[in-house]
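Please find one structure pasted underneath; my questions will follow.
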Amino acid sequence: MLLAVSIPILAKTVFPEVISRQAKLVFDAIDDLPDGSRVLLSYDFDPASQGELLPMAQAFTRHCSIKGHKQYYMALWPLGSPMVDLSIDTIESEYPDLVYGEDYVKFDYKTGGEAVIRMITQDLRGMFELDSKGISLDDIPMTKNVKNIQDMDLIINVSAGDPGTKQWVQFAATPFGITTVSGCTGVQAPQMYPYIPEQLAGVLGAIKAAAEYEAAIDDAYPSIADNPKAQEAKRRMGPQLVAHSLMIVLILVGNWIFFMSRKRGQA
Amino acid sequence: MSTDTPKKSNALIWGIIFVIGAIMLVWSMTTSRTGQVWITPEQHAFTADADGKYSTTQTPVAGDIEWTTYNVVPDSELTQEVIDSGEASLSWSRTIGLWLSAIFTLFILSFLVGDNPAYKFAEAMVVGTSAGYVMVIGLWDVFVPNLLAKLFPVLVQSWTLPGMDASGGFQWLYIIPAILIIMLLFQLMPSGGWISRWPIAFFIGITAGYRMIGYVEADLVAQIKAGIVPLWITGEGGFEFWPTFNAILLTVATLSAMIYFFFSIEHKGLVGKTARVGIWFLMITFGASFGYTVMGRIALLAARLEFLFGDWLHFIPSS
Amino acid sequence: MKRTVPLVIAIVAGFVLLIANFIPFAEGWGLTAQEWFNILAVGAMVLGGGNLVKLHLMKVSGQRKGWGYSLVTIVCFFGTIIIGMSKMGVHPNTLYPDYAWSGYYLESGSGLWWIYQHMIVPLTSMMFAMLAFYVATAAFRAFRAKNTEATLLLVTAGIVLLGRTYAGVWLFDGWLPESMLWLRFDNLTVWIMEIPNTAGTRAITIGIALGVVATSLRILLGVDRSYLGQD
């Protein structure tokens, strides 16, 4: 397994991507919004899932930045805040024209999980009186007119578990009809399908969906294709293909041994 | 002999991997700046105006506030010219950190050979640092701004949150969560643990309240509603076979899987057969979940190997 | 006092939240209760940390097997707390340079950042990455087409594994007629996820929801008192 993953990484093998329906739905949900729409991005994951989720989180950031959406970042996981910092770094280095407080803002981590979501659907200031720089929300151009997250045009949730997409669906998307899309781990993705399309506009499941989403952004905004950092998920699909093939071989060999030994037992 | 052979072959495999790794490391160190982090300084200076308000200045004088931060130089920008000019310098703290990161990654990887002191050491560290980290951010992100700032606003404003509005004064209502926190910590005492039941009961009550609302609305009513779909689908060209087939299959699969979970009736006859069909659909669901889980786990491994090959060994561009 | 008061607290807190959801004038009560809940969650973090220290201190003081590792845990725990709470290496916020404690506790280059970047990130991410090896071993040892159910699981997993890589397209490239493209593994995966998977997961979701509602009701009505303990 170590070799199956290592060799394509060292060989920098990249395969073409065919954009699936879910990736297209998520892309459209962000792209169809008028430029400058309000988008809440909640990063509910930690370094343990960074390999799987950070590429799609960064892709969300780039897509929202290209579209000029107002980006409101928050985290429901204690280790989610540094993940948000990585996206802020991306904005600062790749989109220097965007201004903190006017185009993007970060809120600190808050304890309580789903209770935080419930709270901010009614009163944003009840939870976040200040942004992460310690500035009052009333003094920040992009937050001074926001009462609660019902004012958002879209919620993007990058999720590795609880609290995560399920809680955003339960406490924000379903009761208030706020359009929500999710980028989640492979473990979670199958559980999100019943929510589509009424409660969830689309879901990106694990690294493959992130690669498709990157490809969709590349197709729509070709200039981004020159940025190697914006191709991270696509790059990871090389090791993915070889490792998946190895898994299939392992399953087949295991079953061949099983049937052979059963045959011998019968004989 | 039977138990020794796998152990010996294991040791041999790991010995070979270790030797190959060492050779790669030496080769990498001689051909590139393996495991080195280079930085450039950035000066920050602030001067006060007549009102005592600070603003940035490019020409600091005595009495101004000044400090230096450092930015990492990306590999692509780190040329010999940059180094020779003195613009960039080697950061020892970050370089040591990078090596420790790599060593800790290998410590965890060593669990493949079996439980060993290196893995146990790494495991003990991750427990301690993670728990400490969570407490630190709990303090700075929640305890200070959401509790302490409500009870002692002037103090907190002058200490750590100068941008907050301290005009609200002491807010009595927040004494209750403060007391509840203290009561909760009685759980750690040898006696008087019953005192912590009050805050725990509050926790349980609130959780039960909002979970009930959330699950009824999103997972019960909305899901039942989403499951009720037309079973005869027509489009512009009349009857559409595949959408109709999918709609019928979705309904049959949902109902049969639900019948499998219905244990109040014995799974015999028609109910038994339907439940059996339900199991088949559940198995497909679990198979799909397994496929997705594998995908996720491999992505995590790929990310760690990219760190080792890129950030540390410089075999590939660092991430 | 020991049992009745907590029972009343749980029931009242739960009903306040329920009422606040349906009656507009009670909305404020719900918000206050939730705010207290979120603050109290910090207390739970401290309790968790306290329990961890208590457990490992007992192991160290009793010099039980592996006490050295417990010592490492305690040192790392207190080291992180001291460095993080003292904002070691953190500069003031550039908006308020005259306030020494106004900086971001995780500023790049600071003490806590160093611990996070060089200890927490590699250790936690590699621990999860190890699961790739276990999943491969499990697939080899346990995935057997013993009966219909196991075969369905195995075949689905195989299709999804290939369908979620370029192999799902490449295997059928050039020979599969246009009308049969739905058989391509990437398309089959989409169908599996949207129809059988959605149905199966929906059944599980509804089942779990019924369970959660029943449990919540038992707590709110005071029938389930297990959280009060024994004495």
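Here are some notes:
So that you can tell them apart, the chains are marked A, B and C in the order they are listed, and the count of residues begins at 1 in each.
We take it that contacts are C-beta pairs under 8 Å (C-beta built on N, C-alpha and C of every residue); 3 or more make two chains touch, one makes a residue touch a chain.
Being a predicted model, the structure only gives us computed values, none of them experimental.
Chain centres here are C-alpha means, and the one lying farthest from subunit B is A.
Here the chain at the heart of the structure, going by C-alpha means, is B. Distance between chain centres (mean CA atoms), subunit A to subunit C: 16 Å. As a whole-number value, the distance joining the C-alpha centres of subunit B and subunit C reads 9 Å. With centres set at the average Cα position, the gap from subunit A to subunit B is 12 Å. For subunit A, residues that reach two or more other chains under the stated contact definition are 1-2, 5, 48-51, 79, 81, 110-111, 115, 118, 127, 133-135, 190, 194, 206, 208, 240, 243-244, 247. Within subunit C, the positions touching two or more other chains are listed as 34-35, 37-39, 41-42, 44-45, 93, 95-96, 102, 106, 116, 120-121, 124-125, 127-129, 132-133, 135, 139, 154, 157-158, 161, 164, 193-194, 197-198, 201-202, 205. Listed for subunit B are residues 133-134, 137-138, 140, 142, 146, 160-163, 206, 210-211, 215, 219, 223, 226, 285, 288-289, 292-295, 297-298, 300-301, 303-304, each touching two or more other chains.
Contact residues of subunit B toward subunit A in the complex are 133-134, 137-138, 140-142, 145-146, 149, 160-165, 206, 210-211, 214-215, 217-219, 222-223, 225-226, 285, 288-289, 292-306, 309, 315-317, 319.
Of all the residues in subunit A, the ones that touch subunit C in their complex are 1-2, 5, 15-18, 20-22, 46-51, 79, 81-82, 85, 110-113, 115-116, 118-119, 122-123, 126-127, 132-135, 190-191, 193-194, 196, 206, 208, 237, 240-241, 243-248, 250-251, 253-255, 258. Interface of subunit A with subunit B (complex): residues 1-2, 5-6, 9-10, 12, 48-52, 54, 78-79, 81, 108-111, 114-115, 118, 127, 129-130, 133-136, 139, 167, 169-171, 173-175, 185-187, 189-190, 194-195, 198-199, 205-208, 228, 232, 236, 239-240, 243-244, 247. Subunit B makes touch with subunit C in their complex at residues 44, 46, 48, 54, 56, 65, 67, 69-70, 93, 97-98, 100-102, 104-105, 108-109, 111-112, 120-140, 142-143, 146-147, 158-163, 173-174, 176-177, 180-181, 184-185, 187-188, 194, 197-206, 208-213, 215-216, 219-220, 223-224, 226-227, 246, 249-254, 257-258, 260-261, 278-295, 297-298, 300-301, 303-304, 307. Contact residues of subunit C toward subunit A in the complex are 27, 31, 34-35, 37-39, 41-42, 44-45, 93, 95-96, 102, 104, 106, 116, 120-121, 124-125, 127-129, 132-133, 135-136, 139-141, 143-146, 154, 157-158, 161-162, 164-167, 169, 186, 190, 193-194, 197-198, 201-202, 205.
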